[in-house]
Amino acid sequence: MDIIITICSGFLLLVGSFLCISGGIGLLRFPDFYTRMHAVGVTDTLGAGMILVGLMMLSTDFLVFAKLVMVLLFTLLIGPTTSHVLAKAAFHNGVRPKDSNNLEQSKEKENTSSIL
Amino acid sequence: MIAHLPILQVIIPLLAAPICLLLNRSKLVWLFSLLASGLAFSISILLLQQVMTSGVISYELGGWQAPWGIEYRIDNLNAFLLLIISGISTVVLFAAQTSIEKEIPKDKHVYFYVLYLLSLTGMLGIVATGDAFNVFVFLEISSLSAYALIAMGNKRQALWASYQYLIMGTIGATFILIGIGLMYQMTGTLNMEDLSQRLPEVAQTRTVFVSFVFVIVGVCLKLAMFPLHLWLPNAYAYAPSIVTAFFAATATKVAVYLLIRFTFSVFGLSFSFTTIPLQTLFMALGLFGIFVASTTAIYQSNVKHLFAYSSIAQIGYMIVGFSLSTVTGLTATLLHMFNHALMKGAIFLALAAVVYRVGNVELKNFRGLGRQMPLTMAAIVIGGLSLIGVPLTVGFVSKWYLLTALVEQGWWPIAVLILLGSMLAVVYVWRVIEVAYFKEPLEQNVEVKEAPMSFLIPIWTLVIANIYFGIDTRLSVQVAEAAAQSLFGVSP
Amino acid sequence: MLIGLFNDWIVVVLMMIGLYIVIAHGNLIKKLIGLTIFQTSVFIFYISMAKIDGGTAPILADGITQYSNPLPHVLILTAIVVGIATTALGLSLVVRIKESYNSIEEEEIQQQDNDEQLSTNKAEENA
Amino acid sequence: MIDIVLLSLLVVIAIAIIRMKDLFAVVMLTGIYGLLSASFFVAMDAVDVAFTEAAVGAGISTLLMLVVITMTGRKEKSTRHKPLSALFVVMLTGGLLIYGTLDMPYFGSADAPIHKHTSPRYINDSMEEIGIPNIVTSVLASYRAFDTFGEVVVIFTAGIGVLTLLCVARSQKNDEEIDSINDSMHQQHLVIRIVAKMLIPFIFLFALYVQFHGDFGPGGGFQAGVIFASAIILYAMLFGLSTARKVINQTFVQVIAALGVLLYGSVGIVSLMNGGNFLDYNVLSSNPIAGQHLGILLIEWGVGCTVASVMVVIFFNFAGRRAFQQHKKQAQDKESSAC
């Protein structure tokens, strides 16, 4: 029985860490603000979620398990909210998503954007 | 209750501070802090008597034995310092209410007294404790309240001076923390007494050498010794005058005490003066400090700056006495701590009275003050004479012991240099006297009256003490000698 | 030799970076950040002193024999609080300096002070 | 192995902080620096310290620096202040420290002097003498209780210092003006206010859990105080400073800060009255172990009160100063446009 558990948790941990790495790479390679934020959003919710579930399966006693469940609930609640607020603040300060037709117009707008 | 005196010394001003915050009425808070400081002063007198009769008092906090719990060790050196600090603070507090009336906005008076009591607690805590890390904690309490108090000055330069003092003070405190960490790593204990027993066996390692260097540099930063003194003149000149009067007389003495405590009690005399040429280094820095600081003092147009630079010169005298590493040399340093506190306390309180009446302490505003504020100017004159070291004043006693210590070692040239230093002091004191007595007052200063009674009483108590201890030196010399001998392990 | 002391050397490098920022950078907030880095590296030095290979956190549990040393942890709890207290006071000073000097660069503030000093001396000469 | 990775990451961030000019990015890096050093402390088995460093180093100090940056601007001038002499001083102290590390006991070696002198007693006897599993809390609160008392006074001093520098005589905004600000902010931050409403009770609950769980696991007065204050600060940021001031008025918070210090001091005074030394908990009740538990509980409560109220006071004064500056700027714009 515990072999299955270790395999599942190992698999989940691997997938979770892969998602985190992909988020990091996405942060570096994507062209403009909103796509980069999408990539980071992935690591926040899914990557961390997968790792937490993997850890839950490995946890020995109930207290550790309960704490991990609460951590998962909080990250799932807070992750999307922060991405939302980040996007709203960026939009409020004039950062427009870059699409093919107004390529140059958004370039100069992007460097004037200030989050505050 | 007698057995609990060491802890009550620190706890009474400490608990008085939050109570003052709760009282929240400026007049009531002033009386309450005066009571707390007076109580601390009387406890320090009792402690001094107890130590002089029955030797070292050890008080274990929390009931745990020494290296595991924190221990308060009161010997002659601590008791002497506790007496100076709480005495000066009581006298200075007496004039505080009228002085801050003109310099600090009304709604901040309560916060001023809370911070004043906290800095008093910090200094008493540093001096009384026998645990190395506890020194760092109470050092931070006194420094943080000092930064906030200095920043309450009404001119904008006070903020910049307080910021520079914060940066230099925090670097100094962190150096002391690194030194304590290295000491702890090699011996495994934090109690100073335990450290002095366990350090000799690891004394040859490089780590203990580096920890000694870091502690000494950190303390010298706090001490405003010559190369590291840049923060002191602005901090003392732009702070509210009551704060300057309190810190000029006590803050540097606490740092000198730390220097003496770490070199003599913790690292031991033989280690401190052999591994580094501490003697020649400190002698040179002390003398250099005396001359550079006195010459800059001569060219100052602001009288507070003038006497701040003279404080740095006086610290130079203490460092020279300390670097002799003989019993009389150390006695001279301890005596000069006591005398310097009396001198500078009187002078800066008199300047506070001048600020109260005239508004600022530029030299041009001092014209004709000799006739308009006779008692205050007389106090400044006597304080100045005491700085120079004229006989019948307290300054003469400490200069005399310093010269005898130097002559004992046979260093004639340095004794001559010390006398030259005092000549420089004559120049800058004469500049103030000449303007005050032989110049006509400016037109806007004509109707300046004498300082109110609440200034004159503390100023003149310090001036009379200045003269009394200049003549009857039994108390100060006896205590200083006993402290020096106990540090050298010579049983009195 | 190298592995044994590698931790301490990295801590020394961090200390020196913090000290360099405090001394070389003119911006007042950057100085405070340099101070925080300098203090945090001292904490890391204390804590890496307390670690024992194979020891666990100093919380008594049956079946564990080797614990790391609890005393440096207590000292560092105090030092962290001292660090945040100094940072908070420094930041409030920076706000007040910005209001009265309208700048938080060390050179500009020093310049304004020197100009003010020169003007008072000049006023004194012709008075 | 992991600690070497974390340390080298810290060095990379410190070097990035030197090179960065944009203060906003530098403050973010300081936050990351605090979090990484907290995770380093976890790797070093210092769980209590990691908790405090994360809450204070990554949380409160970054927050305060951000508030200050909104007032003082983001750009840093690039001129370096005589870098060569700075480099020389730094190299000198660095060389001295490296020279000092040569004789240090190796990292992680069990026979270092610190593991043999005072700490064996803490580890072996603390269960019989004090009876709580978390040795750090027992040393913090009982063996070296006076250090913690000094520390509570340090935090209290910082709070009073910030108060003296930044406190502003508040212009009494009337109620409907506060409600109008509240509504205007409402539709702008709708989503995060709802989520915050859901989260704040849990943050308070977690703070109280950390406060009373200090004896058995990582936690204690400091961490609980900071978490408690962060919940109040979150409320103040989202629902406007004036509404937050109405909910938690200033004098009440200052009184709590003073009462926390007095509570800690009075535990010491009571043990003095009962005949023990200052802060000696054995005399607090008939059975020494029960006395220790009672003493530690009370002083942790005092520490929690003071830290929470001082952090709230510090944030409210910084934010109040910012509102004061904007208010002054509007007044200047109004009169400059008027005349």
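Note that the chains take the letters A, B, C and D in the order they are written out, and that residue 1 is the start of every chain.
Throughout what follows, a contact is a pair of C-beta atoms (placed from the backbone, for glycine too) under 8 Å apart; a residue touches a chain by one contact, two chains touch by 3 or more.
All of these numbers come straight from a predicted model, not from anything done at the bench.
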Taking mean C-alpha coords per chain and comparing to the overall C-alpha mean, nearest is chain C
Contact-pair count is greater, between A-D and C-D, for C-D
Using mean C-alpha positions as chain centres, tell me how far chain A is from chain B in Å, no decimals.
-> 57
Could you grab the centroid distance between chain C and chain D? Build each centroid from C-alpha atoms only and quote it in angstrom.
-> 15
CA centroid of chain A to CA centroid of chain D, Å | 28
From the C-alpha centre of chain B to that of chain D, how far is it in Å?
-> 32
What parts of chain A, by residue number, touch at least two of the other chains?
-> none
Residue numbers in chain C touching 2 or more other chains?
-> 15, 19, 49, 71-72, 75, 78, 82, 85-86, 89, 93-94, 96
Mark out which residues of chain B touch at least two other chains, giving numbers and ranges.
-> 133, 137, 140, 144, 147-148, 151, 178, 184-185, 190
Of all possible chain pairs, which ones touch?
-> A-D, B-C, B-D, C-D
Chain D to chain A touching residues, read off their complex | 24, 69-70, 74, 189, 191-192, 195, 198-199, 202
Quick one: in the complex, what on chain D touches chain C?
-> 3-4, 7-8, 10-11, 14-15, 17-18, 23, 26-27, 30, 33-34, 37, 40-41, 44-49, 52-53, 56-57, 60-61, 64-65, 68-69, 71-73, 76-77, 79-83, 85-87, 89-91, 93-94, 97-98, 101-102, 104, 106-110, 112, 114-115, 118-119, 122-123, 126-127, 133-136, 139-140, 144, 147-148, 150-151, 154-155, 157-158, 161-162, 165-166, 216-218, 222, 307, 314, 317-318, 321, 325
For chain B, which residues are in contact with chain C within the complex?
-> 133, 136-137, 140, 144, 147-148, 151, 156-157, 159-160, 162-163, 166-167, 170-171, 174, 177-178, 181, 184-185, 190, 301, 362, 364
Could you please specify the touching residues of chain C with respect to chain B in the complex?
-> 15, 19, 22, 28, 31, 35, 38-39, 42, 45-46, 49, 71-72, 75, 78-79, 82, 85-86, 89-90, 93-94, 96-97, 100-101, 109, 113, 120-121, 124, 127
Can you check the complex and tell me which residues of chain D touch chain B?
-> 96-97, 99-105, 112-119, 121-122, 142-147, 150-151, 153-154, 156-158, 160-161, 163-165, 167, 169, 254-255, 257-259, 261-262, 265, 268-269, 272, 276-282
